[in-house]
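One structure is given below, represented as structure tokens, and several questions about it will come after.
Letters are used for the chains, namely A, B, C, D, E, F and G, taken in the order the chains are written, and counting of residues starts over at 1 for each.
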Amino acid sequence: MQGNQQQQAYDRGITIFSPDGRLYQVEYAREAVKRGSASVGIRTADGVVLAADRQTRSPLIEEESIEKIHEADEHAGIASAGHVADARQLVDFARRQSQVERLRYDEPIGIETLTKRTTDHIQQYTQTGGARPFGVALLIGGIEDGEPRLFEADPSGTPYEWQAVAIGGGREDIQDYLEEEYTPEMDLDGGVTLALEALAEGTDELDAESVDIATVDTESEQLQSLSGEEVTDYAAEADLGGEDDE
Amino acid sequence: MQGNQQQQAYDRGITIFSPDGRLYQVEYAREAVKRGSASVGIRTADGVVLAADRQTRSPLIEEESIEKIHEADEHAGIASAGHVADARQLVDFARRQSQVERLRYDEPIGIETLTKRTTDHIQQYTQTGGARPFGVALLIGGIEDGEPRLFEADPSGTPYEWQAVAIGGGREDIQDYLEEEYTPEMDLDGGVTLALEALAEGTDELDAESVDIATVDTESEQLQSLSGEEVTDYAAEADLGGEDDE
Amino acid sequence: MQGNQQQQAYDRGITIFSPDGRLYQVEYAREAVKRGSASVGIRTADGVVLAADRQTRSPLIEEESIEKIHEADEHAGIASAGHVADARQLVDFARRQSQVERLRYDEPIGIETLTKRTTDHIQQYTQTGGARPFGVALLIGGIEDGEPRLFEADPSGTPYEWQAVAIGGGREDIQDYLEEEYTPEMDLDGGVTLALEALAEGTDELDAESVDIATVDTESEQLQSLSGEEVTDYAAEADLGGEDDE
Amino acid sequence: MQGNQQQQAYDRGITIFSPDGRLYQVEYAREAVKRGSASVGIRTADGVVLAADRQTRSPLIEEESIEKIHEADEHAGIASAGHVADARQLVDFARRQSQVERLRYDEPIGIETLTKRTTDHIQQYTQTGGARPFGVALLIGGIEDGEPRLFEADPSGTPYEWQAVAIGGGREDIQDYLEEEYTPEMDLDGGVTLALEALAEGTDELDAESVDIATVDTESEQLQSLSGEEVTDYAAEADLGGEDDE
Amino acid sequence: MQGNQQQQAYDRGITIFSPDGRLYQVEYAREAVKRGSASVGIRTADGVVLAADRQTRSPLIEEESIEKIHEADEHAGIASAGHVADARQLVDFARRQSQVERLRYDEPIGIETLTKRTTDHIQQYTQTGGARPFGVALLIGGIEDGEPRLFEADPSGTPYEWQAVAIGGGREDIQDYLEEEYTPEMDLDGGVTLALEALAEGTDELDAESVDIATVDTESEQLQSLSGEEVTDYAAEADLGGEDDE
Amino acid sequence: MQGNQQQQAYDRGITIFSPDGRLYQVEYAREAVKRGSASVGIRTADGVVLAADRQTRSPLIEEESIEKIHEADEHAGIASAGHVADARQLVDFARRQSQVERLRYDEPIGIETLTKRTTDHIQQYTQTGGARPFGVALLIGGIEDGEPRLFEADPSGTPYEWQAVAIGGGREDIQDYLEEEYTPEMDLDGGVTLALEALAEGTDELDAESVDIATVDTESEQLQSLSGEEVTDYAAEADLGGEDDE
Amino acid sequence: MQGNQQQQAYDRGITIFSPDGRLYQVEYAREAVKRGSASVGIRTADGVVLAADRQTRSPLIEEESIEKIHEADEHAGIASAGHVADARQLVDFARRQSQVERLRYDEPIGIETLTKRTTDHIQQYTQTGGARPFGVALLIGGIEDGEPRLFEADPSGTPYEWQAVAIGGGREDIQDYLEEEYTPEMDLDGGVTLALEALAEGTDELDAESVDIATVDTESEQLQSLSGEEVTDYAAEADLGGEDDE
């Protein structure tokens, strides 16, 4: 109760520091990320995999409408976890950045540049009053100068580059699995399988049909969504598909 | 009491995160939606049905003036549940978007585009200070590229696409009924009947005369309101009309 | 006391949602309406009646200066209940809307259009910070395309169309009486008598001399105030005039 | 104490509604009016009388400098009660309105128009945040179209027209006296005497020398201040002048 | 303690009314005035005297730097009591008003006009949010149309004209002395002596050397400061100069 | 505890008055000044001395980088005590004022003018919302019209002129010493020695090497910093240099 | 508990003073710095060393993406500790300052100038409302006029110049080690070794591979990053590399 009272003092107004130097509103935004279903990103030798678990409230919902993987530009995808409406704002921001870059320099935006412009935008919502932080984490993946790149943007506005990473609900379990199983030499095919296996670690029951997967390979440099059939095939191959994996 | 005190801390100011990552003001806005009478949307093979229960305070009120289904454009309707005055603001916003699209591209706005512009507008009221979220949910239905589409916009600003969906008071019961009875192959006629039956599940006593129904079929691509007589006929056919359906 | 504490949390700042989805400031504004003396509107076959009870603090006050019925335009009147100074603001807004319509289209503004512009204006004071809602309800009546129309605008900014309606103190009793006695076939004469009888239901002692009545008939399409004498005659006819009617 | 706590909740921020629909800041502003010494206005057949009791803190103060009656325009005076510095702001506002009217239409501003422009200005300070209401009430009197008019503007921004009225400390007693003694047929002379007698009812000891009186008669249509001698003569005639009148 | 809690509720935000109609921030600003050492103003037949007690923290401070009497214009002086930095802002405001008047009309500003422009400026800091009231009172004295005038401006923004007046610490005792000893017929010489005697009433030990005196006489119409020697001479004459006068 | 609670009420928002007329945020800013190490200013017959104790956290810090004495202009120096970052803002402000003066009038700014422009700037941070007061006091010294001048600017924005003065930690002890030992006839040499001795009074252990001293003499009219060697020589002469002086 | 309550009063709003003159939000920002891993700066005879410990959450993270050392300009580097997203904002600010300087004067910006522009920017976030302070400390090192310079910028906006300094977690232990071991005569090689040894003092287990080191030498005047191999070589030489150094 004492703890509750102390915390309450820091979340009434704008994003301010607590006595131990934490930004509570940012940490609560991280909780909003954990409330969302998980997304996974994997960088392989020949491309980047983005995979997201779309948990649906009802069989009547159109699963495709639950947006978890977005196109930022032809060569760059964004997977999100957390507050969906917030994710849409950030994806729109990232798209505008990509367009501006193409207009100005007639070149695709670098994945690192795209990430850092987005995280700088996120940071401002954690320092300036009059708005709350974004309740969402992003995985930004694509090809830059022929190389696969994979970044995470968290609610504090910090950019991280990863070989393989998970965001959202069950992150710890999924990340543990990735750390055990990931090898930098794996190809895109292996990356997709690993992504599916990892997502299965983070939830009681993974429905392969509700997983959304997209890749950007170094050859095409194009974000490509896997069809539902393709995803189910990979899941079958990985011996997944709805049974309890825990 | 402890719970009350904890909650109070998060709803005094603008929309901010609670320690478990929820946006209370948005969740309270969802309660405002539940306080409204229900609306139902059903996508059939040959069109979309929007149906709304207009509960009236007095026999002297003009039922038509209780606005639950609105025209966004010739080919697109919006059913609402929750705070009526807020719904009017969003419908006005959607109409302006539709007009701008026609002026710029000389084409009807896509139902998905219309929905996402509206949900992005809703999201901003959940992040930026100086205003409260909208206390209303919308069902946006119509024809896009010859296909029926049906979307929900909730107070967080998240868009969902549905085959069949309910918003407002009694949503759970109505949605359960829809999940049991809905088939994608049903035609518009069957959709109207299902909508009436579903609405009857969500309330103790459904008065068919107080139900407002509109459809957009793939042939005419025009939002058309059913007359009171037509609604009563459908209700009679479905063996409804005021008796307790629970 | 617990209840008091809980409520206090929601009325300190701007208009925000309570955990059960209500907008307390708007509900308190409705209480401000109830604190005012009643107004009644009745739509008849050949016109609309607006009637208002002007309760005076002192015999030395000029009753005519207690503004309860206002002219919005030649063909449209507004009766109010609640905070008088707020009503003046809204009437001014409605007048400007009417003038703009005449200037732009050289036509009288529709009663429904006039009502909805006004309720949209009211709604904004319930959503955007920096101001409180309007503490007043309005009855807007007049002739549109040759037909009598009667609307209510409440503090939430919701428009309702009515056959017969009461706002302000004693609303419940007056509305009950209207529901029992109103028939859509009654003429303007019968409407005036019913309005007086209904107002008498809502108060211990109705002083006919303090009642302000105006009508808009379909023939003249002009808002016309009844003289004090005419009101007294109607009251005498209806066997009213100061005796306790309860 | 319970009452105190409940009230405190409503006066911390801007002017908002209490659960029973009252605007506390406006009601507290009315208390500020009661803290001021009284002013009286009387409309007679041939003119309007404004009278104000100037209570002085010290014999060394220049009584004329305690401004209670102000000239709004040649034909219109304003008596105030309450917060003196606030009154000056409103009188300045009224003067500017009068000047603008003369510049635009080359005519003196109507007393009713002048009052309503002023009360609309007052109302805005009760609805929009960032400022407190005016802690003052005004009596605005003068000649309009050859007829004497007398209005009250209260801190809520409501205009009232009166035959005879009191504002400020002791209002109830003074108003009771006016209701007993006032007749619409009295002439300006009788009005001045009645004003002095009425003021004497509201205070333990009225010092005639500290009473400020001004009139606007229908003949001259000019605001004219009575000299100290004239006031003393009237007081002597009325058998007043310092003795305890209670 | 109950009293403390009640008061606290009214001084957290901007200047708002208490339930009994008082503006606490303005009353607290008056306390700031009382915390300052006293100033006295006396209007005589042939001029105005301003006198101020400069209490010094240390013998090393330059007494002249403790500004208590300021020149607003050649013919007008201002003595202050209270928050010194606030006084400087108001004196700057008054100087600009004087300059503007000379530029526009090529005439010295009237003392009454100068006072009222200043008090209107002060008033705005008591009504509009975003700033606190001024913690200072002013005595504004000078010659207007050949006549000596003396005004007080208090923290509420109310102007008063005086024959003789004190502001600041010990005001009550000094004012009592002035009321006993002041006569309107006294000349400037007598006024200076009376000012010194009065200041001595308000403090345990008046150090004549720390008193600052300035006069504006009707002949020169120029603000003139008395030299330290002149002040000491007057003090010696009045039998003052450091001994305990109580 | 009661006292704590009472104080808390006044420091939550902007700078407002307490019931006894004090500005708590300004008084707390004075505490920030006391938390800084001391600075001393001494006006002698032939110049002004500014001396500051730079207490260092670590032997590895560059003592010169601990800015305590700044050049405002060629002929004017500023010594500070308190919040270093705030001091830099005010010194920048003073420098811009000096430059503007030279550009406009081609003359060095007067020391008094420079001080008052700076204190007026400081005052505004104590009255207008949206910022806290400056947590720093300044000593502004230099030559004006051939004469040495020395001013203090405190966090309230009040200017004081001094013969000799201390600000910052241990101010009371240092000021007492100055009052005992200062004579107006002392020359710059004596002033430097006195400054060192006085600083030694305010601290347990004065390290001569950490003292920063600058002078402006009437002949050169240039701010000149003493070298570390010169300071040590003066300290040795004054029998100071690290031993406990208390 | 009493202490907790007292503190809570000061961190709800903007950055304001506590009764003892401290700026809590700034002090809490210092705690945010301590929560970050350490950075070290060392000024040697022939250049400046910046070294930072990049603690990684996962072996799959790209260590280079954890930005601790940034290029401000060719000749100037910035090491940070604390809130990473905040550091990025300040580095961007510093880069823009450097570019503006080159554009205006065609010269590299001075290290002291660069630091002070940055600290002035930081200070404004501690005084003006509407934003929180930066939760980061910076070490700014480079060559200015051929000389190595090393500055610290802390969250209060105070600039310090150092010979050798640590920021971030374990600062005290690292600084103690630097004070013991640092000599101004050491060359860049020795500086790199000392930086590694010092960082090892501040943590239980220093992983040489996670240390980022950059230097600016007086010859090249270019910021140069050491390769991972070079760092490991230095660490081996210094007998470091993962074993517990405590």
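Please note the rule applied: a residue touches a chain if its C-beta (ideal position, glycine included) is under 8 Å from a C-beta of that chain, and two chains touch if they have at least 3 such contacts.
Keep in mind that this is a model prediction, so the values were computed, not measured.
Under the touch definition stated at the top, subunit D and subunit G share no contacting partner at all. Residues touching across the subunit C and subunit D pair largely diverge in numbering: under half of the numbers involved belong to both copies.
Centroids built from CA atoms put subunit E at 68 Å from subunit B.
Across the assembly, subunit B contributes 12-13, 129-130 as residues in contact with two or more other chains. If you draw each protein chain as a dot and join the dots that touch, you get one closed loop, with every dot joined to exactly two others.
Against subunit A, in their complex, subunit B makes its touches with residues 2, 6, 9-10, 12-23, 116, 119-120, 122-123, 126-130, 151, 156-165, 175, 178-179, 182. If you check the complex, the residues on subunit B that touch subunit C are 1, 4, 7-8, 11-13, 24-25, 28-35, 58-62, 64-67, 83-86, 88-89, 92, 125, 129-135.
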